[in-house]
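In the two complexes below, chain A is the common chain; its partner is chain B in one and chain C in the other.
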Partner chain A sequence: MTKTKTMYSIPYILWLLLFVVAPVLLIVYQSFTDIDGAFTVGNYGKYFTSSTALRMTFNSLLYAGIITAAVLLISYPTAYFLSRTVHKQLWLMLIILPTWINLLLKAYAFIGIFSVNGTINNFLEFAGIGRQQILFTDTSFIFVAAYIEIPFMILPIFNALEEMNPSLISASRDLGANTWQTFQRVILPLSMNGVRSGVQAVFIPSLSLFMLTRLIGGNRVITLGKAIEQHFMVTQNWGMGSTIGVILILSMVAIMLLTGEKKRRKGGNRA
Partner chain B sequence: MRNLKVLFVGIIAIICVLFVTSRQMRTSQGHTGDNTLTIYNWGDYIDPELIKKFEQETGYKVSYETFDSNEAMFTKIQQGGTAYDLTIPSEYMIQKMMAEEMLIPLDYTKIKGIENIDSRFMDLDFDPENKYSIPYFWGTLGIIYNDKFVDGENIQHWDDLWKEELRDSVMLFDGAREVIGLALNSDGESLNSKDDELLAQAARKLAKLPDNVKAIVADEIKMYMINEEASVAVTFSGEASEMLDNNEHLHYVIPSEGSNVWFDNIVIPKTTRNIDGAYAFINFLLVPENAAQNAEYIGYSTPNKEAMGLLPEEIIEDEQFYPPDEVINHLEVYEDLGVEYIGIYNDIFLEFKMHRR
Partner chain C sequence: MNKRKGRLANLYLFMVFVLLYLPIFYLIFYSFNAGGNMNGFTGFTLEYYQALAEDTRLLGIVVDTFLLAFLSALLATVIGTFGAMMIFYTRGRKNRNVLLSMNNILMVSPDVIIGASFLIFFTVLGISLNFLSVLLSHVAFSIPIVVLMVLPRLKEMNPSLIDAARDLGATNWQIIYKVIIPFVTPGIIAGYFMAFTYSLDDFAVTFFVTGNGFSTLAVEIYSRARQGISLEINALSTLLFLFSMILVIGYYFISQGNTSKKQKSLNKSRQEAIDTL
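And now, the complex of A and B:
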């Protein structure tokens, strides 16, 4: 019996080794090689002493943070009201629908909307405000990034709200809590799991967005993803590119730990 | 659960059908292995009519793949995998590929029509005696401006990009060599400089530019300039010629103090499996009529002097694209700087991009 069990697990273990463990080890190994392939810790030294690299890291974290906050702000209420509507599946479908369209197509569509002769500027002109520079600004970059990430935040929050036992809410009411108290003490803590996975699903990819930084941000916003692309494709300095990759992986681990469930605090929500 | 099963079976069935039809389409088009010629070229960099003509004349079937940067092409060919028979890198990349021994030396007994190429573009430093490569197109880096927004008199030199009046209206090409090269050229220095002091000076000069820079993009410059999103851009002559065709307010200038001249040459990489087909295609492109047709379609400057005779006069007399010799003499080819200086150039460029408006 146990033998067949191990037999069944072989494909999964191979998969994990080949496509998860091995690539990560290769990246870590590469990050300790210099441009000629010799062993060095210089890449890390260079990274942590270069003001450009550190500023870039700070910028990436800042933008990813702003994008995540914006997405959360929009998604939580959406998911909340969604879980209380009649045609849930239909609405959910409409929210997921944009993810069926290729990211690049959406980016190009936004170029059309934001450009000097685009839809928004035509409207602003018509309204007497006059044309504005929208494309290539921080605002437009954050807007488009948030737009793209929203479904990935709504879904986990929606699921968490759906799974909640409605009798808990009735109980809270019966015990005299008003709507706000019910939300704050019952609904919010119980949906925190959804929020956590949503934040992870949005923050982590936002750290390494790079097509959008060029198409919408006009390369005026530089993220770590962009730097990795440059090191691999242009300078061919795979060591330095891998070093940034390792730092991205580590920061993602940190995010997971920070937002992950805190099991030690038993009965965490004291509500 | 049943639904899931149906979904999976459906997906697998669709994959099978697509696979079989694509195989059948390939064989019905005559792709049988031996007679396929795989060309790896820049996007939109050949008149598609010519490929059809070549297939009809020679019976080879062309499989045409594209790349968007020399570096991407280099990486893909180095990794192997696809049997590319021909590719068209720029000169500095040819140097690098020669050094990595990725190219096959050309056998001139199999090439007809090499005498059609202007001798000015043969035997250049990056490939002495053209041992590995044959010129395909050449061009320059310059400034394109829209006369609706700026006065052409004020946009003749690289230094003009720093002018106050261009605040937030310049688009730069997203390349370290191009941007640092123009900063070096603007001070009369060589764009291949390996002098740390000069590079530091160029970096300081570039630090004053971001206020004027609207965006640092690549191919999109074409679309933005035609749609008048920006008034000035730094771009290549070939791209510029296409923009000029689409918007009559645009003009292209090669700064006389110096700029980059680039060559895209045809090479045969070692991945080739159809070397006869590769030579047949080279010979086909050397025929003046074909070269002229290609030059008219793409708008870059052709090195084929026989073909120039076949082009309409307004094309070959246009100094924007066929500049006089005194301008050509100030132009420089990008040399392969070696890994160390490529790294330094890129660090300066990254630093430049980090500047906030």
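And now, the complex of A and C:
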């Protein structure tokens, strides 16, 4: 079997080397080169001494945090109520369906909804508040980003709630806990794994969104992803772009370690 | 839960669904607007669908996008299936976990990083940026999801099937084609579907690795949306939404076989747990 295994493994191993290992090494290498390709640590020096770069990173993390918190606030009750409906699988399909529509089309819809003469503004004028600038504001950016990420938070929380043994809830009731206590002491702790993977699935992409910052945020918000895109596609300073890329990778790893699954005792809670 | 609470929960769910679907139906609704913008509905028209049918450039891009999704999903499925077999038949839990973590790197990486690093990679190798570079990238980021879809099926397979085939005189390749592949087919189909949607959905990676000669729908919409609103895009979204519906329904029926089996084994293990108590 070994010889056959070697044969059919070749394409996959090639993929691992060429498209997983090599690009990571290349982006790290590139981050140590200047605009002419000579070796330098100047990019990192420039990054850590530039207040604009540091403020941009902080803002990007802040906005990603706000987006993640908003998404979590909407998604947790949704997942909780969903796990208590009758036709769960059907409703779940309906939550997933919007993720199959291209991101750009959804962003495009919001350009129409939020524009100066758009639906929301028509309503505001009708209500006597008058037209507001909605598109190209921080709020609209956060709103659309949250809208896009909601399904990715609902799914892991829903799965965690589904995995939970329902007799635990009955047990908690029998022992005299009220609805809120049951939720706080039993349901919430047991669904934390879902929340953790949901936070990962929302926070990391929120750091790297770059088309929304332009189309919806009007470039007022600069995310790490937008900065990378600018350096690669506009100013052609690949070294600096890669440096920010490495920073983005490091923040991603940090998030994953922070929200990583705690080592659980084996064979604990489940019957 | 009492009735009032149940009603509140349903109202909340209803609001979330409205929020999720409103933008999509908004696009569809205004694709029929004779007024030419997304501000007020002035009358019903199909002229944007007609304009879409005559826009050969846009239709060419749609065809290219689907061709790309079809091809990249196909290649990713072949490589990913064998990759899953490789991981599954690797000895030692530790080695398997290392391979699996490497497999998942591209799943968790932000797409900007994938795009930028692939751009550096293609430039270093001197591969010009066109259909080929986009295809290679799409294959690359679709492989891990195929592996993740096929692996659980391999785990479910009874190893004595392979022993039986070997006892009956099958060669290694015969075992793969006659025993393993047919058994994991539901996982392969699920993987193909996922790879297909990953490719259709992608914007960021394509944006980085595409050159002047080749464009996908997402990249094209990005450049058109910057110039403002054109209801042709709305008409196109309507058609794409219908297509996604068909895909989802198809996927739902295929995955039914998968989940019902999973459900069965779950129920069985529950029953066993109850029996031992």
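The working rule: the second predicted complex is superposed on the first by the 249 of 271 C-alpha atoms of A that agree within 3 Å, B and C clash if a C-alpha of one lies under 4 Å from a C-alpha of the other, contacts with A are read in each partner's own complex, and residues count from 1 in each chain.
By our rule, contacts are C-beta pairs under 8 Å (C-beta built on N, C-alpha and C of every residue); 3 or more make two chains touch, one makes a residue touch a chain.
None of these values were measured; they are calculated from a predicted model.
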Using the superposition on chain A, decide if chain B and chain C clash or fit. clash
Have a look at where A:Gln30 lands relative to chain B and chain C in the superposition and call it first, second, both or neither. second
Between chain B (first) and chain C (second), which, if any, makes contact with A:Met252: first, second, both or neither? second
Report for A:Trp180: first if it touches chain B alone, second if chain C alone, otherwise both or neither. neither
Would you check which partner chain A:Asn219 touches, where first means chain B only, second means chain C only, and both and neither mean what they say? first
Which of chain B and chain C A:Met56 touches, first, second, both or neither: first
Touching partner for A:Asn117 - first (chain B), second (chain C), both, neither: both
Would you mind checking which one, chain B or chain C, touches more residues on chain A? C
After the superposition on A, what does A:Met233 contact: first (chain B), second (chain C), both or neither? both
Clashing with chain C: of 56-64, 74-82, 128-136 or 146-154, the chain B stretch 74-82
I'd like to check the shared interface: which positions of chain A are touched by both chain B and chain C across the two complexes? 111, 115, 117, 214-215, 232-233
For the complex, give me every residue of chain B touching chain A. 69, 71-72, 75, 168, 171, 174, 176, 213-218, 220, 224, 227-229, 339-340, 342-343, 346-347, 350-351, 353-354, 356-357
For the complex, which residues does chain A have touching chain B? 35, 52, 55-56, 59, 111, 115-117, 133, 135-136, 214-215, 218-220, 222, 227, 230, 232-237
Report the residues of chain A in contact with chain C in the complex, numbered from low to high. 1, 3-5, 8-9, 11-13, 15-16, 18-24, 26-27, 30, 74, 77-78, 81-82, 84-85, 89, 91, 93-113, 115, 117-119, 122, 147, 150-151, 200, 204-205, 207-208, 210-211, 214-215, 224-225, 228-229, 232-233, 238, 241-242, 245, 248-249, 252, 256, 271
Inside the complex, what are the residues of chain C that reach chain A? 1, 9-10, 12-13, 16-17, 19-21, 23-24, 26-27, 30, 37-40, 78-80, 82-83, 85-86, 89, 102-103, 105-106, 108-114, 116-121, 124, 136, 139-140, 143, 172-173, 176, 197, 200-201, 203-204, 207-208, 217-218, 221-222, 225-226, 229, 233, 237, 240-241, 244-245, 247-248, 252, 259, 273-274, 277
